[in-house]
Amino acid sequence: MMKHVRVVTPITTKGFRDLSEFKALEGPELTVSHSEIDLGPASIECEYDEAMALPGTIAKVIEAEREGAQAVVIDCMGDPGMKAGRECVNIPVIGPCESAMHVASMLGHSFSFVTVLARLRPMIEHLAEQYGVPGKMASVRSVDIPVLELEQDMDRTKAALAEVAVRAVEEDGAHAIVFGCTGMLGCADAVRAGLLAKGYDVPVIDPVPLAVRLAASLIESGLSHSKLTYEQPPLKPVAGYDMPPLSVASEAAE
Amino acid sequence: MMKHVRVVTPITTKGFRDLSEFKALEGPELTVSHSEIDLGPASIECEYDEAMALPGTIAKVIEAEREGAQAVVIDCMGDPGMKAGRECVNIPVIGPCESAMHVASMLGHSFSFVTVLARLRPMIEHLAEQYGVPGKMASVRSVDIPVLELEQDMDRTKAALAEVAVRAVEEDGAHAIVFGCTGMLGCADAVRAGLLAKGYDVPVIDPVPLAVRLAASLIESGLSHSKLTYEQPPLKPVAGYDMPPLSVASEAAE
Amino acid sequence: MMKHVRVVTPITTKGFRDLSEFKALEGPELTVSHSEIDLGPASIECEYDEAMALPGTIAKVIEAEREGAQAVVIDCMGDPGMKAGRECVNIPVIGPCESAMHVASMLGHSFSFVTVLARLRPMIEHLAEQYGVPGKMASVRSVDIPVLELEQDMDRTKAALAEVAVRAVEEDGAHAIVFGCTGMLGCADAVRAGLLAKGYDVPVIDPVPLAVRLAASLIESGLSHSKLTYEQPPLKPVAGYDMPPLSVASEAAE
Amino acid sequence: MMKHVRVVTPITTKGFRDLSEFKALEGPELTVSHSEIDLGPASIECEYDEAMALPGTIAKVIEAEREGAQAVVIDCMGDPGMKAGRECVNIPVIGPCESAMHVASMLGHSFSFVTVLARLRPMIEHLAEQYGVPGKMASVRSVDIPVLELEQDMDRTKAALAEVAVRAVEEDGAHAIVFGCTGMLGCADAVRAGLLAKGYDVPVIDPVPLAVRLAASLIESGLSHSKLTYEQPPLKPVAGYDMPPLSVASEAAE
Amino acid sequence: MMKHVRVVTPITTKGFRDLSEFKALEGPELTVSHSEIDLGPASIECEYDEAMALPGTIAKVIEAEREGAQAVVIDCMGDPGMKAGRECVNIPVIGPCESAMHVASMLGHSFSFVTVLARLRPMIEHLAEQYGVPGKMASVRSVDIPVLELEQDMDRTKAALAEVAVRAVEEDGAHAIVFGCTGMLGCADAVRAGLLAKGYDVPVIDPVPLAVRLAASLIESGLSHSKLTYEQPPLKPVAGYDMPPLSVASEAAE
Amino acid sequence: MMKHVRVVTPITTKGFRDLSEFKALEGPELTVSHSEIDLGPASIECEYDEAMALPGTIAKVIEAEREGAQAVVIDCMGDPGMKAGRECVNIPVIGPCESAMHVASMLGHSFSFVTVLARLRPMIEHLAEQYGVPGKMASVRSVDIPVLELEQDMDRTKAALAEVAVRAVEEDGAHAIVFGCTGMLGCADAVRAGLLAKGYDVPVIDPVPLAVRLAASLIESGLSHSKLTYEQPPLKPVAGYDMPPLSVASEAAE
């Protein structure tokens, strides 16, 4: 069965994503499309950035469903707009942080996050709790490189990630590694090689590709999010925003 | 010492708040001012509403500090913008849900929330986890009255709250009651009377007055939020919003 | 990329599985093969049955890798032999209970299991703890039908499952449903229809199809289990069993 | 409204407290009175000391209510007699450990205790669990100075506290600091300055002043402890003690 | 090896215990002696009673060691003085609540307490947390009979206990039963018979006999409590009490 | 009363156990018998070994009951076959890991395991969770000596254990030590002496002797495992094994 997954990048920096990165995930039965938000921050590195990204991201999630996507992946490890987005549409809305945490929980006894900045530790720890797997996360470590600088020197980024991943294994007892920023897309092979060179045969999760594949699995399985948890929002005025109408299904129901 | 607390109501429905409600909290050394947001939803009843309220609420938190308030209380039990707001300013930013949960934890073995709509249960349970007190919350019960209808018939609202509070005590083992919507302001005496009539001498927390008093206590104690948790956001473009500059302190530092 | 997933049914009752059930999961890039164990119980309904199934199941997991399968799914919700199997091979070994619990955790605030017999509740609660998601499971309910009788009257089975699922939603606060026995394969549509008829739009997880699709996603992502958690067993005599040699990789290494 | 808070110091060392320390907390609407116990240990540094302090402390809590205080603060971080005291009176009885833990939970992602002796770590960890916030406490560190020596060399005490607080931040991930002994009263500014000098802008909680202000807030809010949790003790003989009769309210009821 | 276990009953009601109850536990290698406290309440039914029992109980624990007992069992399910007692002596001090909770955790998936008064639920829940087994306790139920009335009509007591135990199994999912008051000594057979009559083959723990046998096992194993947790109290004046000197060992060391 | 405890060693290495080790535990009222399994691995050092030990161990548990033993102790810290064994018989089946964890929880604030190989850490952490005491375990450390080499040089084994135990106390905060392999039988005195030499007066648990004594205490108390948790297995064919019939009681019932 043909499946169409939309990736929504919740920042306003043009050119951050090269569409070919998502095309590589396509297959004979899988289409991956992409959009960026119009309203919001240049990058997401704190609670404030994430808050400012929400309205723009939700608009793009609604748009994705209206344009025929069967699932949405939000391209940020803070999973901004994931919950509100699920309320607004009937298709699955996947947060790469949530799906990476759950898959990592299955792949080993414990996992560590390697992310961009130390300040993100409390946010990631809160997400592990909220997603129900706090006992599985060994640590959150960071490479101290801002999001928009990750791609400036990919060799440096990969080397820094590998070094931090080795320390997570040796000092924190990590049995699997998860990238804590979707800007690290494409670095998994290098980091895994760095770990293997030290004798550590552990999985390294690149969250967006995994989230796209999980989205495809949910479409095939006919599964979407529970409407008991994510009931459609009550209709009401929202001052100052020009949001698309909520889900097609709800529109039909009116 | 004189203290100035600003209450920010994070919805755009004019007239929802009667300023006299906050004036009653003032004292010889306490001033309470108030503002409403310009950008956002008419009321907050789901994740979507809350997401849409964030940019407007954060703007008002920043404005409060610039206007000389020494602490901010956010007038909604979802605590929208609390974390992002704390990053943006140096004064305490109090969420009434967080402070009510912690004070209720001190007043009895367990507490229950009585809120407006059943759909809010997952949100409130997540907040209890995130605030570190999941083991103290006995249950979340609702009166099934939308936020903007609470004040239409206060007698009905009070009666419904009292009835649900009694059930929380009898069926869920609640030893304290917390209102799960700040629109229930002023109903505590009636609900406590209803509980006493059944023989239950339990505290009933009206979260906004308590949060204002806690804010004053923090000002007196010279305490504010940890900048290790709530580091100031990195400066970066935010497309589509006209936000006030961040905290006065940071401005001075530039 | 072509993917080959082997399903191992860890019981010795011939004809329990109709191969067409797994063929339906195949696609242009996915092959699903199947085997049953030679040594072990007729069905799995308690700790004793599960213990007796382990050596036979592990043998079939090793055989699967030797025959070229790229992932194994164990066809029982007790996930028998999953951990030991992961030690013995280098390909992913998926337990449908573990993967269903993690996917259900993503689809809603909480999930309930509907299983065959009440006696399985402690086992399933232990698995939820061991897999790291105890806080997400609302309840375990049962239809009181032994495994080998499930298929005798599928209409009765579906009706019983739907009724119990409705009770899990209404009485336990379940926001998603997971089948607690892989013998319930194919009942998800009927149960979901029963829930929708009561107004509950919640996902119903049929664990084996989901596990097969997740296995395919792991193969595509180049992910397998952590060898820090599942290190290969030390070579030693095992009296009384004629086990296949361990993984091909280990053999090459000798 | 005028408020009267009584501080009860649960040790028998005369002159340990200088009343001026509490007078500094008074305001136009707040009176702070003080008493010490007659029966019990010279200082509290272990379970035994705490046990021996209980009858004397409870007597002083009852006396406080009879003398018109509207709230009691127990001046020891073990919160001795707090629970029994709450049973005996109808006014709030505040333990500074409990209130500091809850306020610290609100001020940052995590907090550490800096206390007198290493042996107190199990007691403080048990209190964090009992008060419902175990996940918020990063560590318990100590300065290795007995209680009655704290005031002998306040400069040394402050320097030791600051040094240990810095280590709690750097090695344990603390985002806020709580004094683990009320004998450290008055050291917060020095410790906070020491932390700021290292670049750590984190709150430092001096528990007794905070507890007095919280007590005042509870009086203003008309809140006291739940009588479902702290029901009045049944009347019965207690051999060997000359305790004051229980609360005025109960007396009236007789 | 001969073993001598002292049972300390921490109340001042003379005749509450019939020494023959403890003699029945003796054997060819086990002596059980008994003492009651001189200072404290007539019975223990709340935090206040327990607090008032502590000094007297600790005195009797110290006396037991001085008189040659090799282990002490405290005859009350609140385990009053257990921790302080362990600091004061070098022999094991067993709390029947702690040992019953741990043994019950081994005997079944979950256990329930059946105790005297509903008001004890918070105390027992706190003990389960403090002893490290909160996840094993299904519920606390009560028969609503004060401690000193338990023995007035043993048939009524047994019938009430059996009825409540059955409800714990049926409504709370209890798989084992623990008596929540040591005054229920001798009722286990009757309660177990009542459960069996309903088809429930579950263990019923009578905590004091079990604690005495566990104490004997610790003596045989040469085990006592950790002095890292229970370090001897620092020597200091305690006003108003005439306590025996601390442990013989410490005396010798002086 | 005479008691008969059977120790079942779940490995097939002949001569691993010297019967005199168990005879030393006997007394005037206690007989200890012993058996080894016929089917299974030479030693248990991973999930695979444990899985392969299960059928053989269960057979010996059933045999023990048929031969008149009143309790069984399984001689391995993975507690293999403990749960399945409990289903098959009516006498208590004690796992030394479970009983050591619970007793260690009573003896100090926290305990650490010192075991043979680092790879066992996840298994032991899972057992601590499953047994309900995860919060009590400070760490799992290993001496890196395979099971069958432990006895080759007992002095080296004891020295390694003592060194690792000291590190558990100093670096992990352990207040008690538990041996993580029953092959360390007889090393407790040496390890305790090593700890005392460093000034650490902490208990060291040798799990099998303790389990035998606990088994005797359960027999004396008339306690066995809950049949609600460990219901007898349904009768069904098990291909490829020649198991003894289930418990005598069940046989009688047929």
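Chains here go by letter, A, B, C, D, E and F, matching the order in which they are written, and residues are numbered from 1 within each.
Just so we're on the same page, contacts are C-beta pairs under 8 Å (C-beta built on N, C-alpha and C of every residue); 3 or more make two chains touch, one makes a residue touch a chain.
Please read these numbers as outputs of a predicted model, since none were measured by experiment.
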| item | value |
| --- | --- |
| Chain whose mean Cα position lies farthest from chain E | A |
| Counterpart interface for B-D, drawn from A-B, E-F or C-F and sharing over half of its contact pairs | E-F |
| Cα-superposition angle relating the copies chain D and chain B, to nearest 5° | 180 |
| Distance between the centres, which are taken as Cα means, of chain E and chain B, whole angstrom | 45 |
| Whole-Å separation of chain centres (CA-atom averages), chain D against chain E | 30 |
| Centre distance in Å when chain C and chain D are each reduced to the mean of their C-alpha atoms | 53 |
| Multi-chain contact residues (two or more partners), chain E | 109, 122, 129, 135, 175, 229-230 |
| Chain A to chain C touching residues, read off their complex | 1, 27-29, 94, 98-99, 102-103, 105-109, 131-133, 135-136, 169, 175-176, 188, 200-203, 205-206, 209-210, 213-214, 216-218, 220-230 |
| In the complex with chain F, residue positions of chain C that touch it | 12, 38-43, 45-52, 54-56, 58, 81, 83-84, 86-88, 119, 122, 126, 129-130, 146, 229-231, 233-234, 236-241, 243 |
